[in-house]
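Notes follow the structure.
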Amino acid sequence: MFESSARARALAEKVSRFILEEVIPYEKDPRNHGHGPTEDLVRELRAKAQAAGLIAPQLSEEWGGHGLSHRETATVFRAAGYSPLGPVAMNVMAPDEGNMHLLERVATAEQKQRFLRPLAAGTVRSAFLMTEPEGGAGSDPSMLKTVATRHGDDWVISGRKWLITGAQGAGIGIIMARTGENATMFLVDMDTPGIRIERILDTIDNSMPGGHAVMNLDEVRVPASQILGEVDQGFKYAQVRLAPARLTHCMRWWGTAKRAHDIAARYACTRHAFGKPLVDHEGVGFMLADNEIDLKQAELMIDWCASVLDQGSLGTAESSMAKVAVSEALFRVADRCVQVLGGMGVTRDTVVEQAFREIRAFRIYDGPSEVHRWSLAKGVKHRYKDSTAGTAKQA
Amino acid sequence: MFESSARARALAEKVSRFILEEVIPYEKDPRNHGHGPTEDLVRELRAKAQAAGLIAPQLSEEWGGHGLSHRETATVFRAAGYSPLGPVAMNVMAPDEGNMHLLERVATAEQKQRFLRPLAAGTVRSAFLMTEPEGGAGSDPSMLKTVATRHGDDWVISGRKWLITGAQGAGIGIIMARTGENATMFLVDMDTPGIRIERILDTIDNSMPGGHAVMNLDEVRVPASQILGEVDQGFKYAQVRLAPARLTHCMRWWGTAKRAHDIAARYACTRHAFGKPLVDHEGVGFMLADNEIDLKQAELMIDWCASVLDQGSLGTAESSMAKVAVSEALFRVADRCVQVLGGMGVTRDTVVEQAFREIRAFRIYDGPSEVHRWSLAKGVKHRYKDSTAGTAKQA
Amino acid sequence: MFESSARARALAEKVSRFILEEVIPYEKDPRNHGHGPTEDLVRELRAKAQAAGLIAPQLSEEWGGHGLSHRETATVFRAAGYSPLGPVAMNVMAPDEGNMHLLERVATAEQKQRFLRPLAAGTVRSAFLMTEPEGGAGSDPSMLKTVATRHGDDWVISGRKWLITGAQGAGIGIIMARTGENATMFLVDMDTPGIRIERILDTIDNSMPGGHAVMNLDEVRVPASQILGEVDQGFKYAQVRLAPARLTHCMRWWGTAKRAHDIAARYACTRHAFGKPLVDHEGVGFMLADNEIDLKQAELMIDWCASVLDQGSLGTAESSMAKVAVSEALFRVADRCVQVLGGMGVTRDTVVEQAFREIRAFRIYDGPSEVHRWSLAKGVKHRYKDSTAGTAKQA
Amino acid sequence: MFESSARARALAEKVSRFILEEVIPYEKDPRNHGHGPTEDLVRELRAKAQAAGLIAPQLSEEWGGHGLSHRETATVFRAAGYSPLGPVAMNVMAPDEGNMHLLERVATAEQKQRFLRPLAAGTVRSAFLMTEPEGGAGSDPSMLKTVATRHGDDWVISGRKWLITGAQGAGIGIIMARTGENATMFLVDMDTPGIRIERILDTIDNSMPGGHAVMNLDEVRVPASQILGEVDQGFKYAQVRLAPARLTHCMRWWGTAKRAHDIAARYACTRHAFGKPLVDHEGVGFMLADNEIDLKQAELMIDWCASVLDQGSLGTAESSMAKVAVSEALFRVADRCVQVLGGMGVTRDTVVEQAFREIRAFRIYDGPSEVHRWSLAKGVKHRYKDSTAGTAKQA
């Protein structure tokens, strides 16, 4: 179950060449800056990926992809993440990739034509409007404050959203709103009256087009036909999106961490101090050894979790374990790479500095490690509270 | 390649029942003490394993086993390690298991009949005489000081050995000795004149029968027919034994760490403090969550490395990575279990206290983590020194 | 306030010589074993300390000491802890040292003559009967189950105690028992009818005479005159004993960790591997550097907390901070020393192995790190909940 | 020796008010951005500090300060660092503060009038041109490549420098250049012909005015009178600057880390998730408890090292210990603060995000932790190689 497929490996090799030859040269493009790459740069990169036949390869064939399994996706996305611009170019970055995944599984045929079609083609970007400012939905989704109320055939949505990735420049959005005791997801065009971007947050990361926005939803009127799937199923659909989205984050950032390691390892082999190459200093060599161990462990966790998802499980606990293990491991890798590079490591002269910042944010996105540990601890209690595991005749 | 087989899973289930029902009750036997379980206790446990058909199942059918692959062995040995007495009962503990592995691969047909036969049956124990006291072979095998010199058809071996596991009570031994610029392995009966146990070391661990001895080799005369394999191939054979032996250590101690976790998790569900069960305190629940992550990661590293060995690779780098990652992870698990148990954790009332001590020693046996990192760093240098990895057009 | 005094430094030097010349040679005495040094060995060591004028120097002059401040005590106890037998020899080990501290502050004149006098002289040992088995008082003292009820002029105490250090062989004890909503401490002769040792626990540590006992209190009759201080003040007195006792633990184990470091550092300078002394391998040298940093930090935390106590503060939060920081730092030191020694580190050939086990237990004794963090977090909440700290005009 | 003075505490309180009332409001000023605060913003802040009498208070009275000891400086600089703009406002940031320290100790009376006077007044900024690009002086100063050669009464300097903090906008500079086997420091006006800024590096940090520059020195002609102190004493003077400069970095960033902690602690008290305030989740509360421990330890290390410097020691080893311990501790604090803030933590809505980035860089500036550990390990070897420490009669 763990093995990737030959076609995935071949695809990943193609992706690797594409990243090296076509994408990395854009990393220092002045348009790759501030609140993420500009729309103009995104278009340029997408055209290259289009030409290479590398747009959203994970999607089913119906939507232009290869119908990759989660396990196969892991192989391909790790290659894509070798540059922070890679997933943007290939239209597999967050939040679009997770939104497409959700739409494929939950949207009606009509909704797919209207909303998924352009998304899958990479000609339009999307946003996922769930997180809210202080006091609203965050790690604890039950705190959702945005409300949708029925007005005849329409629904009217009001509330505020926060840290909405890619909203600036997005054509379509998925809004999560409270409907009584439950929650419902709504598909919207982002130019629907009432949807307003208050400001773009300055953040530690800057790989995602459009950055992260604070948004105001003021009586946004949406026809019932734009309810994603069914009414009141919002929390359930959030679960459908959750585990795979967490995991594709792990895959992409794995690639970036690997890149950072490659840069640091090569640097350590060429730069000298105190009479020998850095790599011959155990203080440096051991960090690189630990990097390789951490990368291998992270890779295995990703592949294991992907295999679990491929077997049809929701993978809630498994993806929590993977998210904690992978994000913490990749951060250690990125942190060590900065350290190995020394003064060079704090500059933007290599992509290591960005990798460090992005992966720091990743430890919080899709649930801080603490929220996952909390959830895993609940699982421990559930499994052990009536068990005699480990004890046998042990007093 | 990662998946275990149905037969291995069935065998592991049988092992699990055996450990729970037959082995764990012996853990508090007064004969399980000090320098490891007594010979008498070993015999009693072996008889139970014999009756259950669980003696050395990893061996080829010729030697009474099931011819398990490394990957299958992992499944079975993890189950065996659920009690520190489990591997002893099943005749799969160090150093015998590694010695049998080596003999199967390197010994002549005649040597196998004489030395491997009783070992495989579990009626005789063995020792591996490689490590030497200060100034001799340890992490750095090239420092080997014990010397074998040819006298006609015999070889005469002199030197001192140190930390020789299971020597006390062993019937046969493998001696590593310098022969000119190279090293050679010799098979010996432990009652050969000149082989003397100076003392048994008091050590932090006590799971291995016979403990760990300091030994004197004083003109030990051995016929050439007892050279294991060929003259001057000692270092090469050490490599054959090395990676698999490292990995079976990982497998067995994984089981013990899992046991400690089960005990700690159950304790946390039943014991209360400050108004609620311990497990509802995040300070405790998070430790248990981290245990589950560490156990999963360790399991994956073991299975990955086993698969590499099954493909015929020497697995030197892979087993170094696995050894560091697994021993450090299992130690974190054991340490957290002690902490979760609080006062109970420092007592021998549960097996957690022993698990903690044994796994501490494991971080040093078969090469301290630092030696493996050193070796991995050499690999990094080798692979990166002429590479352009990670850099592409990156300045 | 941080500086120690000239007299304390002179005393510490005297102690250091005493430990090196008189105490360390006893470490391998066969009587120093199992459940702590035997009574016979304790007497022999005490006679040496008596001859050197080094019995309980921290006590006030009235009780034969030098009236050392907490800060001065730190200087002297760190020197005493250089051997695990040092505090035993000097009559400054737990629990006697904390019991004497408590008696000096709370006992009546008459009680002091009867109970403190022989304790201060080092001719009698004592126990502190507070902790209880599962379901009773542990980290959460409010769970106290042992009950004392008034019968005329006497009190009758029943319950069970657990992990009672030094009970075996102790002449006197302090029993903590519930009296209605409160708790009361009682001074008892250990041969009072009804006090029974059920068993001595096997534990990971073995420095304390008498080991750790499970005890049964069956209608133990005690006259009201043996109430320590006043009725119903047990929890308050526990606080009086608490912070200083925590801190003297830190002082003593600091000395032991320093010893381990000295041994490891010297070993690293003499032992060679891979062509140079271990210390020239950064993987080893960096561990020793980190040891020196950890030891310095632990020393500073101890001295700071002692100074706070000297100013008359209860030092509850400060001693919690010191306990966590020092015990965790010293454990890192001991763990690194084991690692630096390699195979030698897991044997009892040096005292490092014992240091490692003792300091592991120390992370739990006097409150596991988690309980202290819990208590410190309460303090954070108390101080910040209505504060505007850090924010000013920050949005 | 550890205690600060009453005057230092009074001054620190004044500084604290100044930071809260006058400096923090500028943190979100658009001029505080990119490559550090603009010159315009620096002037505005300096005017406020001037009005408050808080310009460079550590300097001797001759140069307008209060002649603070290192220990007193610690008290004051920790307060100044409560905003990253605080040290800039008060003219106590790097590299000026270290340069002034060096000039006070080494420059001639005439040099002081010309170079120190305006620096001390805060009307001119300075740069320290030591570090070089790949292949030149970095952690290993002996690799210095910039060369100064004598031409009559002048010296002519050529080379390249890298990561030169504050060069952009600086009026004066100190250039370190090779003179034969030795090195010499030269005082220069930054508009001296031949001094050219190649580019300003984009870096992870942005608190320092002028950012960090790559510089070209092309036959820069300097009269002999501008040699700082004496010819060939460059390495010695670097040592004079080194330890105090490391330590003032620790002091300032301590203040910033404390600020981050205050923000995180207050946030944890007000923000709710899963039914209670964040601070009541142990997963959060324990992080804040660990922050308080780390901050206390860092404070003690700073004060201890400052006291060592006040006694006239060079403090090379002590400041290495302090640098490693403090920078690593403050980074843990900043990292936990980001984590406690969750989504808010990755945004620039609080100063925590900047604190995290700045302190990450601090782990590299003034020597990466690894270089200090390397140097400390040398000290271990020096002290232990002929010692019998720890061993006594221990075999």
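We just call them A, B, C and D in the order they show up, numbering each chain from 1.
Throughout what follows, a contact is a pair of C-beta atoms (placed from the backbone, for glycine too) under 8 Å apart; a residue touches a chain by one contact, two chains touch by 3 or more.
In UniProt terms, the chains line up like this: A, B, C, D = Acyl-CoA dehydrogenase.
Computed from a predicted model, the values in this text were never measured in an experiment.
Undergrad: Look at all chain centres (mean of CA atoms) and spot the one farthest from the centre of chain C.
TA: The most distant chain relative to chain C turns out to be A.
Undergrad: Per the definition at the top, count C-beta pairs in contact and tell me whether A-D or A-B has more.
TA: Comparing A-D with A-B, the pair joined by more C-beta contacts is A-B.
Undergrad: I'd like the Å distance between the centres of chain B and chain D, where a centre is the mean of that chain's Cα atoms.
TA: Whole-Å distance between the two chain centres: 50.
Undergrad: How big is the gap, in whole Å, between where the Cα atoms of chain A centre and where those of chain D centre?
TA: A distance of 37 Å separates the two centres.
Undergrad: What whole-Å value do you get for the distance between chain A and chain B if each is reduced to the mean of its CA atoms?
TA: 41
Undergrad: Find every residue in chain A that makes contact with two or more other chains and list them.
TA: Within chain A, the residues that touch at least two other chains are 281-283, 286, 349, 370, 373-374.
Undergrad: For the complex, give me every residue of chain D touching chain C.
TA: The contact residues of chain D facing chain C are 1-3, 20-21, 24-25, 27-28, 258-266, 268-270, 277, 279-280, 282, 284-286, 288-290, 292-293, 296-297, 300-301, 304, 321, 324-325, 349-351, 370, 372-374, 376-381, 383-385, 387-395.
Undergrad: For a test of understanding, state which residues of chain C touch chain A in their complex under the given definition.
TA: Spelled out, the residues of chain C in touch with chain A are 281-283, 286.
Undergrad: Would you tell me which residues of chain D are touching chain A in their complex?
TA: Going by the criterion above, the answer is residues 131, 134-135, 138-140, 143, 162-163, 201-205, 212, 271-274, 281, 283-284, 335, 338-339, 342-349, 353, 356-357, 360-361, 363-365, 368-370, 373-374.
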